[in-house]
Amino acid sequence: MSNQFGHLFRISTWGESHGGGVGVVVDGCPPRLSLCEADIQIDLDRRRPGQSEIVTPRAEEDRCQILSGVFEGLTLGTPIAINITNKDARPEAYREMENAYRPSHADYTYDAKFGIRNWQGGGRTSARETIGRVAAAAIGKKVLSSLCPKLEVVAYVSSIHHLHAKIDPETVQFADVESNIVRCPDAEMAARMIEHIKEVRSAGDSVGGIIECAVRGVPPGLGEPVFDRLEADLAKAALSLPATKGFEIGSGFAGSLMRGSEHNDHFYMEGDRVRTRTNRSGGVQGGISNGETIFFRVAFKPTATIFQSQPTVSRQGEEIELKARGRHDACVLPRAVPMVEAMTVLVLTDHVLRQRAQNGGFNPTP
Amino acid sequence: MSNQFGHLFRISTWGESHGGGVGVVVDGCPPRLSLCEADIQIDLDRRRPGQSEIVTPRAEEDRCQILSGVFEGLTLGTPIAINITNKDARPEAYREMENAYRPSHADYTYDAKFGIRNWQGGGRTSARETIGRVAAAAIGKKVLSSLCPKLEVVAYVSSIHHLHAKIDPETVQFADVESNIVRCPDAEMAARMIEHIKEVRSAGDSVGGIIECAVRGVPPGLGEPVFDRLEADLAKAALSLPATKGFEIGSGFAGSLMRGSEHNDHFYMEGDRVRTRTNRSGGVQGGISNGETIFFRVAFKPTATIFQSQPTVSRQGEEIELKARGRHDACVLPRAVPMVEAMTVLVLTDHVLRQRAQNGGFNPTP
Amino acid sequence: MSNQFGHLFRISTWGESHGGGVGVVVDGCPPRLSLCEADIQIDLDRRRPGQSEIVTPRAEEDRCQILSGVFEGLTLGTPIAINITNKDARPEAYREMENAYRPSHADYTYDAKFGIRNWQGGGRTSARETIGRVAAAAIGKKVLSSLCPKLEVVAYVSSIHHLHAKIDPETVQFADVESNIVRCPDAEMAARMIEHIKEVRSAGDSVGGIIECAVRGVPPGLGEPVFDRLEADLAKAALSLPATKGFEIGSGFAGSLMRGSEHNDHFYMEGDRVRTRTNRSGGVQGGISNGETIFFRVAFKPTATIFQSQPTVSRQGEEIELKARGRHDACVLPRAVPMVEAMTVLVLTDHVLRQRAQNGGFNPTP
Amino acid sequence: MSNQFGHLFRISTWGESHGGGVGVVVDGCPPRLSLCEADIQIDLDRRRPGQSEIVTPRAEEDRCQILSGVFEGLTLGTPIAINITNKDARPEAYREMENAYRPSHADYTYDAKFGIRNWQGGGRTSARETIGRVAAAAIGKKVLSSLCPKLEVVAYVSSIHHLHAKIDPETVQFADVESNIVRCPDAEMAARMIEHIKEVRSAGDSVGGIIECAVRGVPPGLGEPVFDRLEADLAKAALSLPATKGFEIGSGFAGSLMRGSEHNDHFYMEGDRVRTRTNRSGGVQGGISNGETIFFRVAFKPTATIFQSQPTVSRQGEEIELKARGRHDACVLPRAVPMVEAMTVLVLTDHVLRQRAQNGGFNPTP
């Protein structure tokens, strides 16, 4: 179960960083949607290493291949398998990790769980695993644009380390996010962030930050009572990404500092549409979308791999020093933006199909 | 699927606030564990209304009845059904909600989803639904104490509104949590919190806050790669509780303000046990427990029900004013502590059985 | 998972024969369907003991109570919990089973699996467990009559021991099935079957037989490729009933004696509807319904409980003799007809919702 | 969900007959089992076309490639992806199927369900899909031989058309099954079957038959109460294979012709092992294995593809004649033996892990 996500639009990812490749199988996709490899490649390219001067220079082209489920350019309703072969694998660069547990990586915990691990490049714990998610979400986008054509998902970097941009989730545009290599839609702040990442990298260090995500044009009624609340599924989706440490929706942690009389979102009518004056709920009430913009924030810790000597232990229980080699991101956030976007799309696609199953269709998107 | 939680220790909750009752069916419980109603009642009593002067005075005794799955005091391995009859239901007190959508409640979204709702007391969205979870977790505790006897879960109030206690998750004791009615283990701060809740309630207003949870004695190796990471499942569990807006584990959002060289947890050996000098990871690395204390924080918004007139709309699309009647918590956190604890127990119990399925057993708890 | 059935219309049954009661929770039911206890009771009464002179005289009235999920006579879309209290439990009648393993019962295997069993009346293995399934299927019928109004499920006894009726699945009527106590729509053969069951019972012995089921008016397109084929799910459903030993659909085992040129169903057009001249496929091709009548047969072994002394062993490993006491069916088939019907309804309801999820709706029922 | 099988040892198959290839992802496999491609290839070779003179001469070599989940010859506990590229695809050979619905194939039903189909070689409905299952089961065998070393699964042809062999499931040997190309362990009858298949093929016709399967050395206690009974899961597994029409276990349909006094399996002690004198139960009682040999039978209809002109209809609703071209099996049973074996292994592997999850381990295999 562990390597699957979603109930009706269900994806199964597989693959290690330095094995034969990575990939995904998407089950439950509606039939007769147009789909080709270019539809998927566009998002993989936003995720891949080597795309700009502030990300890892690994030269993976992450070229995807659709192996099944598409016929003459249309989805068949059968499983869509996508394969991405690893190209720039240099397993020998990781030979020193064969016995050392890298601090704040999953080397020790995988060993504790399985009694074995693929030490080459982090194996299954590598961010490379997210390729399958991004590929699957590219298909999810096709489903959403067919069933909820007004729905749009925009994720972006809002903080890098101590540098905070202030972005309005109601108006932020995808084009602005993509207009710079750090994927912060505030161009001025983006320039400072880029500068900061370069400095940190030069120091052999790393930084984290915060990614925000806005979902506009959501039909009211998505999400389910009790366990599969939309915010619960979004939280799980976000926290399933590597390096994440927190999730908050709407007013979030700051909401705990308000009184009810300040926090409540009053309803009013806009034509025949029920709306709220404020949106501290973040577009979700009782686990179900209310048609307002969904927005949430995801905290990323600084990259664990740093180019400084650190104390650690070996598999054999010796205390040793370890200094990373290889090619790594000093800050994962620019490449994590399409990952957050992908997980959001996967959650929404699943809930759209669930809504159709139980309730037969949707409310019109506002 | 919506009303089920867990894969191997799977619970199904049911019930509305003002219907015949609420309950839970627990599937997958190991056999031959001692279990009686008193084992469950003790936690239901910590959750129930009317338990102290700062919670809602609804006079529910929440008496549980085990209907199946237990024979001569031992679990059978078959489903355990637990029923709690509603006693103090006064549906007429909610007659005015029949048409009005209460601000920041789920009245509108349930209607948008299902085209129908049980307007009596919030129906399925009532915190009353969590009774089933707390009951199921009382059984989960039996499983954990059988398989991981050193594991302990301690949840507590760390903030109410602007009042913040500083508690050490390594040492906080359950007895200190239960020593006062607000369930904050810092006695002095607890007194101030209680005072504050009373004041807020007198003003017809409400407040939220933050609950922290510490899990000590976790065997290394729990949790799964990729989607069912322990922190992802904990985040979903937490965000599935009513009124929650955020989740953070270990360094959380503050971790995004650190450099990698500050954030990384260095490994060292304590005898033959692998340990970390710091615990910014919060006891989980790569989605899998490392044997250090797991700790996380959950943000609760202020209770939506306030005793002040608020603008809203009716089911018929008229703009109206609504002022709540009835009996409500001005602050849900004291009663939410056993809920957070319960969801944590449910996640851990499921992962303990999953670990046993795939890997045959556990590492010894440190 | 074990005690759950269905993906989207998912039921969870619970309860032992001689515990507090039995019941079911139905998750995923569409909202706004009319439902009351009488809708369910009608099918429970067809299943219950004591309904005629040829079934066990246990005096259970099997009165159902809806505890949740229905409001003002309509389903809410939330879980529907149904409880049926055990009334005529006489656990002491089973005291001798405390240590003896009854031949061809599940006493030994439950012990082998769980190391414990509820020896009172068979515990969870009792046919009493099927009450929850029949109750859930009564709700499933509401879903089907809302979404596929022409669909009808008719199950009936076609054989008792060596007495075989020949019934046409295209024309058999529910009223004819219910017109006699053995539930065989051939009145003359039914009389012989009733006589035979009485004779067998007088001899302290038991008999089995075959139940057939016809489903007419099925929209083409239900069922799924590969694992969740409609016939695979029907086979699992049937074989999950107590005392079943075989399942065949369409031409079944006899189909293995034909040549392809004899077996193939030729297509032709009836107006704009695609039809087949013959129906050896049994209404399913490649796992998916083709709009022809689905029909299948389920073999039931003779009841294991007989009133003759039989050699067996005790829990302590002694070889002993055992002679049953208590009240038992000499032939379960008359009461198993509503069980087969129920499992069929559950499979179809689930697939109807699955079809709606992935494909947005149905083909019109022929 | 449709394309997945198993709960804890969960496989996801993908691929069409004439797309890029077929494959499978196996999730939940225990770690540290030795595995290489040769382990899998051996079973794929038993399933592949072109292996003997009585099966289709398609020249697929079905060469498997492990893409993930294995490191230095050992399973990692992470998903194992296996890819098999299609080599001998001649899609143009199927051009006439673009519009025609082949009788007793799934062409029409796929169109009715999805509104689209891959008409090349049957697409997803091709027996080629079973490659993924056979590959996954080769891994399942590794799990079983690690956890239940005495367990053995032997499937074999017992009937071809009207030719019936009588084989003892207690003693049948794998080597005898594999000693001839029809996979019937009765050498004399096998020779007649081979002759018969050749004659039928010469006539442009096809035949079906019956495959039996014996599972010896099963630990008591596998299988689960109620829905996931071992026989229910085996029935679903068998009926999920192409061309199957029936399943029976133990006494099967013939059991319905016996009295209880004839049918019951009496217990006795063999040393400290509980055994039954007869085995009409087929090794399963109340859904749970009792340690006796499990045996069941699966009916296969004659291959739908015959080389005779048959009336059918086109996608456009015209009545037409169709005569197959291409390369097809006149009898699928020799190649279906490893498929039945594979599905059996998948069911058992899943239940072995489920037993370990809930009950911590096994009874010793008798």
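Each chain carries a letter (A, B, C and D) given by its place in the written order, and its residues are counted from 1.
By definition in this document, a residue touches a chain if its C-beta (ideal position, glycine included) is under 8 Å from a C-beta of that chain, and two chains touch if they have at least 3 such contacts.
Keep in mind the model is a prediction, meaning the values are calculated, not measured.
In terms of the distance between Cα centroids, chain D is separated most widely from B. Counting C-beta pairs in contact across B-D and across A-D shows that the higher total falls to A-D. Averaged Cα coordinates give chain A a centre that lies 39 Å from the centre of chain D.
Centre-to-centre separation of chain A and chain B, using mean CA positions: 26 Å. One inter-chain figure worth recording: chain B and chain D are separated by 45 Å, centre to centre, where each centre is the mean of the chain's CA atoms. Shared contact sites, meaning residues of chain A that touch two or more other chains, fall at 1-4, 7-8, 13, 28, 31, 77-78, 113-115, 124, 225, 354, 359. Within the complex, the chain C residues that touch chain D are 1-5, 7, 13, 101, 103-106, 108-110, 112-115, 124-125, 129, 159, 161-162, 200, 205-210, 220-229, 231-240, 242, 244-253, 255-269, 272, 274, 276, 280-282, 284-291, 297, 299-306, 308, 310-313, 317-319, 354-355, 359, 363. Within the complex formed with chain D, the residues of chain A that make contact are 1-4, 7-8, 10, 12-16, 19-23, 25, 27-28, 31-32, 65-71, 74, 76-81, 83, 113-118, 120, 123-124. Residues 7-8, 28-31, 77-78, 225, 353-354, 356-360 of chain B touch chain D in their complex.
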